[in-house]
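Listed below are the structures to be examined.
After this come two complexes, each holding chain A, first together with chain B and then together with chain C.
Up next, the complex of A and B:
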């Protein structure tokens, strides 16, 4: 438990030391039963740690499925990824720069509409996403019926209904994740269309930014954020694309405060 | 490497220019996002039966374009009316009781043959100041806090934030600022602490610096008393309804000043654009009355009262000494009041009022007791047995309706109390912002009172 300066990549290299076959991010609004899903999947094999430089606690845990060890990282519950708060920024940075093999978004079936905002924002960053519609038991009680095949068709990502409290649907979630990560199931997620003048501006920026990103980050998403004037992202991108390893990362992030190291 | 970085920064700058040309990008992005989620949800989610969400229906009304604001105003008026009319009788009862006990204390001192100065400091200064603060503050707080906690527990406050969000956004501030203002109604120090819920440092500072424009519980009794005096001086009568109306008007004025100053700050010292946020409207819950009463009486009413009494006790002693130690023909308080007279007159007030506000820095509750003590030649507080008595005393000291009005305005707008300033220092970790938090409201108070006074005098109204 020695304290030291750590950066994103250090966290990741630490994660990978666990002989894990895949790192999966778990995102979702607050109060959606995200932690119940996390606990249901990982059991008691979990640790918590701080995201470097921030006082946001991340939990991670492992589970084994079809001879693969999966590491789950439970991100802070957020309503959006627009980096309005430390929580949102950490969630966004992990999905974007943490290179998770896939991201599970947990949503509350009783208020799907509000929760879908986060889902659309996640699939704007990464195509490898899975939607976990939790609390279906509660929705059923409230007389809410969701057309899951249609939702899957509209979003273009796998949709798994669950009631994590009763372990309903967790096996299907593991299987779905396995297919996306290890059987390279091709996903064609929905892309949010914006107003014409925004699309025009984005297209221009996207063309210019493309070479800098070297295919590491979704250029359309970066273009949107730059158009939005999101300055929190700029340093992160510069660090990410120039970084060749944990050491160079550390140099570029001397503003990071000493925090407890991971684990 | 640095060359590449320069190129990158060039694109960033270019994107920012493009963004400025397109307009409010964030709003547009969020709007388009919400439009699409709405469309998906419409196609995918069905509700069985006609069990429409009850909360939704209430919210449609509570946050509607036409009923939202009138409802907020009505609720505010109702709370204040209940406070004003309900507090009168118990206030009188308490003051009779406490001041009655005070005369026993005097008798006791005489029996002990205690020196006059000791009796003066302890009974006429310390005890009477405490008695005044308790009898004037406790009843309104004991009514106001439970009512306010009721609305809070019911889940109404987030709806208020929702309603006012547009206004605050236009002022370049955060919608959650409304919630910190609601806390400020109870106590500005609590309001400043509540500013932690705002994530963006810029908007948190705006909320911190303007929280004082919401009158806290220490100032409500002053506002209510002054409203009654203003009305009886201007129209001859002061019933509870008119008084409430005037106090509501002052509160609304305070909110408008908050918006104006927030806007000015966000265009000058704290430049930036308001950040978007998701405000979850929690389901309405009927509060548990037992817990509500215990929580609001113990956690809030008694907490604030104890604080006020602790400050009032030494303040009462000091004021008595200032009012009874003579330099030449005049007491120290007289000298100070005379010194501030010219400045006070410019603001439509007088020297003693300015002095009372300055000496009342530790807590706003003691401003009126200080004022009464300095008006009385003997330097002893009379029993504030009724508003009429107070009115007679003030008129005898040259008060007009303008004095009462400007006293209300100055009380609403002036520098925060010492506790609030210390809290601001602790929260901002900066002396500069703490000083500004005192200077900005004071500047506004001086400006507004000056303009009102000059206008009234120029029009020959006084």
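Up next, the complex of A and C:
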């Protein structure tokens, strides 16, 4: 676990050294045309990087838009960010600890409903998300009609329809991203409310963990994952906090363990 | 209407049902939930593989294959 994490940090710091104005994560289910969107935006100028200790490959590429250099990181295709597999853990860790300026979630317009699970998980972590509804050409062929303004209103994040294979919608995607990242367009993502007793537990845990997270990670999301009993996340958070903050590892570690026992 | 709860394994090909319970734990459960197989989801048995197992099911616009060892732990409410 530790070994793998050291590798993760190396890749992240390498990313930050690159000359780039913003790092954007590209997430999505498998087979949504995520890599087509990636190649369409970057013009195929990507190089792949391996996350040491895992067989997961991350593609990275740049493009320039309105005088800004954007670095896109193509995350592994996953159905979830709950870290059921190495792929999911890498995707989650990057969105959570890689500090991307925004996350684009690519979804398949022909089975939107199934894809929205991941979208909700992403906006639970970060408010800076953009939804790219890809394969609209195939959806049209299948007679599927999507009410994009309504989807945007429901989710509270920009929604951009694309057919990346034919470069349809990619300009709009770049513009939307530019507004979110550089013009600080205010987003109000849908906030998912759970049953009352879960909300009470979340609020209690949040109060306890907030001092340790120091605003670096969304405390509500961490509290929810602690309730899930996700131990991989606890390890990652402790590594992350200890790697960047002045406080001692041990102190944070004991406190977080205490929170876990408490719940 | 008029049906009782059955396991997903017992759902005849071509028939639709509503998921009542996903009765397993851990990673398998999470994976199935992530694929959209949650209580109240509509699920349809689409076709059997040549050996009869796994079976393909349509869930939320996508087709997924489940082995009987998984589908027998899922209870559904068959629909007409």
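To be clear about the criterion, the second predicted complex is superposed on the first by the 234 of 263 C-alpha atoms of A that agree within 3 Å, B and C clash if a C-alpha of one lies under 4 Å from a C-alpha of the other, contacts with A are read in each partner's own complex, and residues count from 1 in each chain.
Here, a contact is a pair of C-beta atoms (placed from the backbone, for glycine too) under 8 Å apart; a residue touches a chain by one contact, two chains touch by 3 or more.
Everything numeric here is computed off the predicted structure, so don't read it as measured data.
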When chain B and chain C are modelled together on chain A, clash or fit = clash
Ask   = Touch check for A:212: first (chain B), second (chain C), both, or neither?
value = first
Task = Tell me which partner A:187 touches in the superposition: chain B (first), chain C (second), both or neither.
result = neither
Inquiry  = One more residue to check, A:168. First (chain B), second (chain C), both or neither?
reply    = neither
Chain touching more of chain A, residue-wise (chain B, chain C) = B
Inquiry  = Once chain A of both complexes is superposed, is A:198 in touch with chain B (first), chain C (second), both, or neither?
reply    = first
Message = Contact-wise, after the overlay, does A:154 reach chain B, chain C, both or neither (first, second, both, neither)?
response = first
Query = Regarding the shared-chain residue A:238, is it in contact with chain B (first), chain C (second), both, or neither?
reply = first
Query = Where along chain B is the clash with chain C: 182-190, 236-244, 254-262 or 272-280?
reply = 272-280
Ask   = Common interface residues of chain A with chain B and chain C?
value = 79-80, 82, 84, 112-114, 117
Ask   = Which residues of chain B touch chain A in their complex?
value = 1, 4-5, 7-9, 11-12, 14-16, 18-19, 21-22, 25-26, 28-30, 32-34, 36-38, 40-41, 43-49, 51, 199-200, 275-278, 280
Request  = Quick one: which bits of chain C touch chain A in the complex? Just the residue numbers, please.
outcome  = 27, 30-31, 34-36, 59-62
Query = Which residues of chain A touch chain C in the complex?
reply = 79-80, 82, 84, 110-114, 117-118
Key: Interfacial residue positions of chain A with respect to chain B in the complex   = 30, 79-80, 82, 84-86, 112-114, 116-117, 119-121, 142-147, 150-151, 154-155, 192-195, 197-198, 201, 204-205, 208-209, 212, 223-224, 226-229, 234, 237-238, 242
